[in-house]
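Two complexes come next, and they have one chain in common, chain A, joined by chain B in the first and chain C in the second.
Our next item is the complex of A and B:
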């Protein structure tokens, strides 16, 4: 199970993915999901969608857009508002209704210590909620990552191959792990919000 | 409070691949237990440096019945590893058991229960050794230091305390050697100062010329406030010293060492100690060695003295002589790999992935080497350096190669 780095194959997969997107997104001019490099020109202040769904925004050229992806307000120290959390210390950011970005929380990455290796899931894999989708390794331990939702893995953060330390440095930003196209959004309802997660950490 | 890095697996129990939540919850429970001194469980013992560790932001964790520092908040394990190998790290290993044996029969006794050439060991010299049972199996790995023919200082593992004491009692009776006095330096401090600048740091505290102390030597070193037995030894592969200090003087001495070294010496915990010893190719009893392992299988035949190989007279000699002559079915070797680290318990297959040929007993990503290192036991026919193997890691086969140990060349002061 190795994930494909071939651009041609990824774009074929994208076509399949696009057909499952909400209608508005499908027909809008949006930046393709080809690569992490392609963002909206505006620096997002809140949870940033992967692609903007507005017909008024000029389409961005694939070749020269750079921008910082950010899923949070504030610093990486705080557990962000607006994300959902699991008891296994994963966070989930929801975009456009059914695209979920998954990572592990700062609490977990701090507990692990320096992350030296991240085992990423394969693009295209079908996932059931609760299934292990990878692992995070530090000098002294290895921990499984569990998917909070069911769906299909459509992107993994390949930056983590060369820079596993991003999980420690930016657990909510560049340390994201994978993106899942969700089948059943009701699975999100059982996840915790920031307050409940903070309470959970404090009491465990 | 930050959670702890995982302990050496032997004390943590379950396999190292664990659910983040379950693991972190158990870590927290353990911290709470330590703090609360729960009446239902035995309170953890403390070394003389317990308060110092807390003051330096240590993450404490139970180990062999003691509350021990695993990491300190000022340095990650990787940073601490680099520090010890370039500056100097100070380890509190006071949990280990320090024994003094005196009497005319001690030499003969030690020659029965270890394969070391104790009789010819030079005075004021120490060596790595092991207690052996009747099958030639290793009861514990130890350091024996001879002071004189009638006086020996021995350090044994904290986690093996009960087993070692029972073994020593039983062996004394068995061999009918009576002129043996055995004292344990209860609650004494034991400090390991390790690193290229360890000598410089310790020299600042004493007039004693430390250049006279070569690797393996021990000397009574005067420092302001006392005189302590200092041996030029350690378990990291670096130059360094192990210092035995009476209980009441341990804290004062440690604070002076930290304070007067101009920030060269930093406290280091058991987490980095495990990485350092594995990089040096050194075994951890309970993981890499146990009672079913002989020194020959463990690739530790060098511990057996030349004279002892010919003359015998130690526990398990028949088994070991046979293994020395005809070889063993398995041997401890080192491994290098990339990708996910192979850790304790990982099965080893030969390169087609069909046949199970061994098991990993210790493994982690090496901060110094920059690759994954491991040691384990493998069928003898696969033990050559460079042999390609496969590790089973989370149900996937990952490549690795048999490699030479130590992974980091030693820098002993000779």
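Our next item is the complex of A and C:
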């Protein structure tokens, strides 16, 4: 009886502790913050599943505690290295030298709120840098997205039709918006790298 | 819940300036009937913060045409300067535009909505009410001459969803107090203005572009609310049709008029904006009246282009997100369903002989009643499709 009570105490305490951890540590296999006093009494394997949280999916145990899946506090808080950024909060990743993948940053998607619809550009359209390539709707607001480069749109992320929330949950992974075949790589030089973008966000 | 002052401090985030406290709230556009959310009382906005001044321009439209008014609004927004970090100037005041307009009876849907789902297309035709898709997001509203619309354009880094709604609430509440009426307005979590009985009197929608943004909303003064149920889709028998697909869905709310005259509302609004955003010594301030006759030739060209776009079928109906439209018979069995994308029929599913033979000729046509009806033989279905599509 008291054994079960201890498990319950540990599990709720774990949830409370983990919700205060920085995101990166939440997905750690082992949370070393409990005092030995609790842990030594309750070592059985039933505790183990609580620790195994995949980095890519929102934690189901946490969502049970809060009662709701929280897309905004997803796993992409930090801006990845190796991407280029614009002052309009778009990111660009370069594949194979001249294929640019475009999306909006986690900062932007958090500021916008829950995205309910993404207006995608048409495949084959010819784009000039600075032109709008679609829009994102969230909380009654339609926000235009701009292309940082010129080129031709060769692919759009069809997943966003059914799951616009990917822009919030995984802005750098499955929430990408479109892929553009660039003609002129010099346009990339005027974009910011990760450090400059972080400075830009912090200062403005 | 953070106080409006704290929220406004948070709202000075760059670029989007969204209330950070809102981020984890539930989705605004899920259809929950009569959502009674937490209501925020309006607060005097000039008490504890330094007044931010703007170069305020006020426009009032004399036209009742929703096409002209929405196009003029779009024109003002195109002309509005984009305040990006490299154009920021600390010496010159940023611009703020207030545009007030009234439309004759029309149904206005949000940019990413599905008109067949949100409105009763048949009923709109019967009552001769135009359907217009606007460029901002949000849900479906019915405009008529008892409703005055306000549109506020602001620099991108001072975008705030509630600031102007709260300002209006403060100003209007003073008017109600003076008149001895018991109406008290406040802004709810969905950024609507509601009265003391949680009935919606104003809905809002927003548009954000590089460096600038606008917030526009309705204000129900003396509107014919009975027409809502006839024209918007809640009344159509869901045993007859169903629409499935992504796109923004409207959230139904009980509504109410606030019962003051157009003139009083307009004057109160302009006075409130002047008090809040300009210094009292600004004698050069004037209200500009616009209509179809008072605009210049160059303006007219641009505005007419937008009017044409708003009136086109491609923008109004053709730009609907991909959806499946099912027509049901008898005991809600699906008789025929059309899969439509970008206004063109992608696929047709039916077990009725009236459609099966013509499947090839129907797929690929525009999703317009007359076009589809001309490709089938059955008189009964021709009639039904012409009315409903």
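Basically, the second predicted complex is superposed on the first by the 128 of 204 C-alpha atoms of A that agree within 3 Å, B and C clash if a C-alpha of one lies under 4 Å from a C-alpha of the other, contacts with A are read in each partner's own complex, and residues count from 1 in each chain.
By our rule, a residue touches a chain if its C-beta (ideal position, glycine included) is under 8 Å from a C-beta of that chain, and two chains touch if they have at least 3 such contacts.
This structure is a prediction, so every number in the text was calculated from the model and none was measured.
Model built by superposing both complexes on chain A: chain B and chain C clash. By the document's definition of touching, both partners, chain B and chain C, reach A:137.
In the superposed pair of complexes, A:128 makes contact with neither chain B nor chain C. Applying the stated contact rule after C-alpha superposition, one finds that A:88 touches each of chain B and chain C. By the document's definition of touching, of the two partners only chain C reaches A:162; chain B does not. Using the contact criterion defined above for the overlaid structures, shared-chain residue A:104 touches chain B, although it does not reach chain C.
Among the options 277-285, 295-303 or 313-321, the segment of chain C that ends up inside chain B in the superposed model is 313-321. When the two complexes are superposed on chain A, the residues of chain A that touch both chain B and chain C are 87-89, 108, 110-114, 116-117, 119, 132, 135, 137-144, 146, 204. Those residues of chain A that touch chain B in the complex are listed here as 86-89, 104, 107-108, 110-114, 116-117, 119, 132, 135-146, 204. On the chain C side of its complex with chain A, the touching residues are 13-18, 22-24, 26-29, 84-85, 110-112, 135-139, 157, 161, 191, 204-210, 213, 246-248, 321-322. Interface of chain A with chain C (complex): residues 68, 70, 72-73, 87-89, 108, 110-114, 116-117, 119, 132, 135, 137-144, 146, 161-162, 164, 200-201, 204. For chain B in complex with chain A, the residues that touch the partner chain are 2-7, 16-21, 23-25, 27-28, 71, 76-78, 271, 274-275, 339-341, 343, 364-365, 367, 394.
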